[in-house]
Amino acid sequence: MLQDYLPIVVLVLLSTGLAVAAVLLGHLLGPKRPTAAKLAPYESGMNPIGPGTRRFPVRFYLIAVLFILFDIEVVFFLPWAVTFRRLGVFGLVEMFVFILVLLVGYVYAWKKGALDWE
Amino acid sequence: MDSVLQAILQDLEKTFAAKGSEFRGQASLLVPADQIVAAAQALRDQHGFGMLAALSAVDYWPQPQPRFHVVYQFKNIPQKLRLELRVALDGNEPELDSISSIYPNANWHERELWDMFGLRIKNHPDLRRILMPEDWAGYPLRKDYPLGYEEVEFTFNFEEIEQRKPRPKE
Amino acid sequence: MTISQIEITSDELRHLVSNRALEGETLLLNMGPQHPSTHGVLRLLLELDGEKVVSCIPDVGYLHTGIEKNIEAKTYEKAETMTDRLDYLNTMGNNLAYCLALEKLVDLDVPERAQAVRVIFTELQRISSHLVWLGTHALDLAAMSVFFYCFNQRERILDIMEMCSGQRMMTTYFRPGGLWRETAAGFEEAVRAFIDDFPRRVDEYEGLLSKNPIFLDRTKNVGAMSAEQGVAWGITGPSLRGSGLAYDLRKEEPYSGYEQYEFDIPVASEGDVYARYWVRMQEFRQSLRIVRQALDKLPKGPFRSSNRKFVPPPRAELGTSMEAVIHHFKLWTEGFSAPKASVYVAVESPRGELGVFLEGDGGPKPYRCYWRTPSFVNLQILPLLSKNHLVADLVAIIGSVDIVLGDVDR
Amino acid sequence: MGIESKLGNLGIVTTTLEGVVNWSRTGAMWPMLFGLACCAIEMMGSQAPDYDMSRFGMELMRASPRQSDLMIVAGRLSRKMAPVLRRLYDQMPAPKWVVSMGDCASCGGVYNNYAIVQGVDEIVPVDVYVAGCPPRPEALIHGIMTLHEKVRGEKVRDWA
């Protein structure tokens, strides 16, 4: 039974390994010449006003959370779409219930005015 | 010059002690410097010149008396009329009243006059240099300001110019 | 940590920035000289409350080239090469404005054929300038393919210009008194081929954008401007015609034979970004109409005035007549001189009223040549239009006001 | 390119480290979106379908200097813009090159006056000068091809 999961393990190891290797090699071998001008924050060519990290209004955070919420929803569609034929009608109904629940959340957020900027 | 413009010219000449002139069908009016705001107000309200088309200056340098002429071009859109108003200014650091309260787009034009000719504009909302860098010395479009060109390199003076040419600091 | 400890660079004075910014509540950001959607080196100091633009302070001058100072150092004929680089999308229009002003100053006649060819080229230049505007405006609103289609068509116009004047953009093809040289062989066929094929392209662009819901959301009632506001701020051109005032210099003060052609001025009433877009799309078709009429009744005859005082004689005459040699020598060394007077001539450039104030002092060099450029004036209203809009709308408004920085900074 | 040219086809390709690195650098050299004036319109023209600069690996005009390797100074550089150009050049990561497009960037061109920097090489070290006012798109692409040859010729010592 364990054999079935071997390809997944190899895939995970290979991908993370490759990513880490690329970053590590770049970090170790790449030339580093930090000059004051290069490290200054880039503000379309002008002297930046104030430090790079400044206080941002909370609306950005709200939009980010809403995005994550509905993005994860889409992620759950993928396994359903792959095994669509085998699940048959049961899968269809199940997925519509899932969508309905999230739709309620979406309409709530919309009516509360979380989506428009004001 | 059609009759309507003629009438406006006469009226302005009387009220503002101005001197009208005409060249190739274009009317021009020389207005004393302190009357310019009143003249602009009159032009816009009574004579319907709704748009300030252009605002520039001319520098008659060696001649100190009216050293600068500030030239206003007004446009009356409904009656299709154009009128040029000139103001004579003396001396090297002349003063001028701002008409940006009457014509909002005079704001940048007057900033350009200050930047390029050094004409100080009184009660202008935000008189700064507009085209040149903030810390630039001198007023470029004045006739006594050199064109500031770089000497042309030939074979005989190539070396010494190359030395003087600034290099990028690496 | 309030913002007052951070020194605002010397050119941003505190009286322009609201005190909310000084306490650090709103964000001060440079939409600076190097930015993909400022259509050149325009710098906007934005004061942002989150995504909403509280105030926007334009800072121009990053492309100031001192063209007017250079013109004063050249003779009348040579100074015309300076005019090409002013509004580099409307080079023929600049040449036309300068030549008209010069011809009015020295009272020089222009033959019929030269006036018709000037109209054809100025309208073709208007189409090519609108194509660049449409391409970059749509690119800013994320319609990348329109950019490629527009530039593809623009190359056809540049080929026609290169055919006659030898240069794609900096043509200097119009000279005081007419044209530099007779139009090239195959000129009429090339222009006719272009105007037969181009209407289909304009419908293609309209199909891509006019009913595109994303484009409509981004442009409908964004940056609205009323006609009175426009006139008070001196706005001219498609930006003013988008607010309902039919002010077009080709109809108001016809020059170079424009009164012979009948065309109408597209006017929209809402005054927002979509209205300005719609006006310019109709101007494509009106310019095609003008070019078609001008091409159909293109008169034969000389391409340049025969007034030897201002126009150098053709080389063929140099061998035979002594006067021609004298005129040739005088004109090409010292140049002709203009009377001691001033003239203001305005033409309709794709961006608005392009005025030339030319003052002569009796000598061969222009004493003062001031360029009333439309982008410099149209840009002043940007802070007004962009108040309380999102940063993304500000990008759309800059695109719709259609500024060219060579025009702004001169 | 390596020993297989002497020993015939070994089925593998050997090359030097320089060869690989230079090839990869010329393969995808992303220019920075830095159009100043009229040459910028010609640069956009050479990016457009008719001349298509992306055939040479210049697919994207990156807006920020952090992700670009090549700065094409397209247009006339005014005195007010010079410090901005220098700051942008400094903020570009290490393997960076500069193409000065057009006469105004290369030597001040027709503007020999107070407002224009007489040649960008007063501010940034320039690798290739492209002549023309504005240079035709083919001229710009030819300039970039010469830059690619120059980059292919770079040695390991230069990178140290």
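Here the chain labels run A, B, C and D in written order, and each chain numbers its own residues starting at 1.
Rule of thumb we're sticking to: a residue touches a chain if its C-beta (ideal position, glycine included) is under 8 Å from a C-beta of that chain, and two chains touch if they have at least 3 such contacts.
This is a predicted model, so every value here is computed, not measured.
Nearest to the global CA centroid, when each chain is reduced to the mean of its CA atoms, is chain C. The interface with the greater number of C-beta contacts, when B-C is set against B-D, is B-C. For the pair chain B and chain C, the distance between C-alpha centroids works out to 22 Å. Taking each chain's centre as the average of its CA atoms, chain B and chain D sit 42 Å apart.
With each centre defined as the average position of its C-alpha atoms, the distance from chain A to chain D rounds to 35 Å. With each centre defined as the average position of its C-alpha atoms, the distance from chain A to chain C rounds to 45 Å.
Shared contact sites, meaning residues of chain C that touch two or more other chains, fall at 32-35, 61, 64, 66, 69-70, 409.
Listed for chain B are residues 131-133, 140, 147, each touching two or more other chains.
Contacts with at least two other chains are made by residues 80, 84, 86, 88, 112-115 of chain D.
Interchain contacts give a graph that is no line, ring or star and is not complete, per the touch definition above. According to the touch criterion at the top of this document, the contacting chain pairs are A-C, A-D, B-C, B-D, C-D.
Interface of chain C with chain B (complex): residues 10-11, 13, 15-16, 60-61, 64, 66, 68-70, 73, 104-105, 107, 231-234, 236, 245, 247, 252-253, 341-344, 346, 353, 355, 357, 359, 367-368, 370, 372, 376-377, 380, 409-410.
If you check the complex, the residues on chain B that touch chain C are 23-24, 26, 28, 50-54, 56, 58-59, 71, 73, 77, 80, 82, 84, 103-105, 107-108, 126, 128-135, 140-141, 147.
Those residues of chain D that touch chain B in the complex are listed here as 79-80, 86, 108, 112-115, 118-119, 121-125. Interface residues of chain A, counted against chain D in their complex, comprise 30-31, 33, 35, 37-38, 40, 42, 45-47.
Every residue of chain C that touches chain A in the complex is listed here, in rising order: 3, 6, 8-9, 12, 24, 27-35, 43, 49-52, 390.
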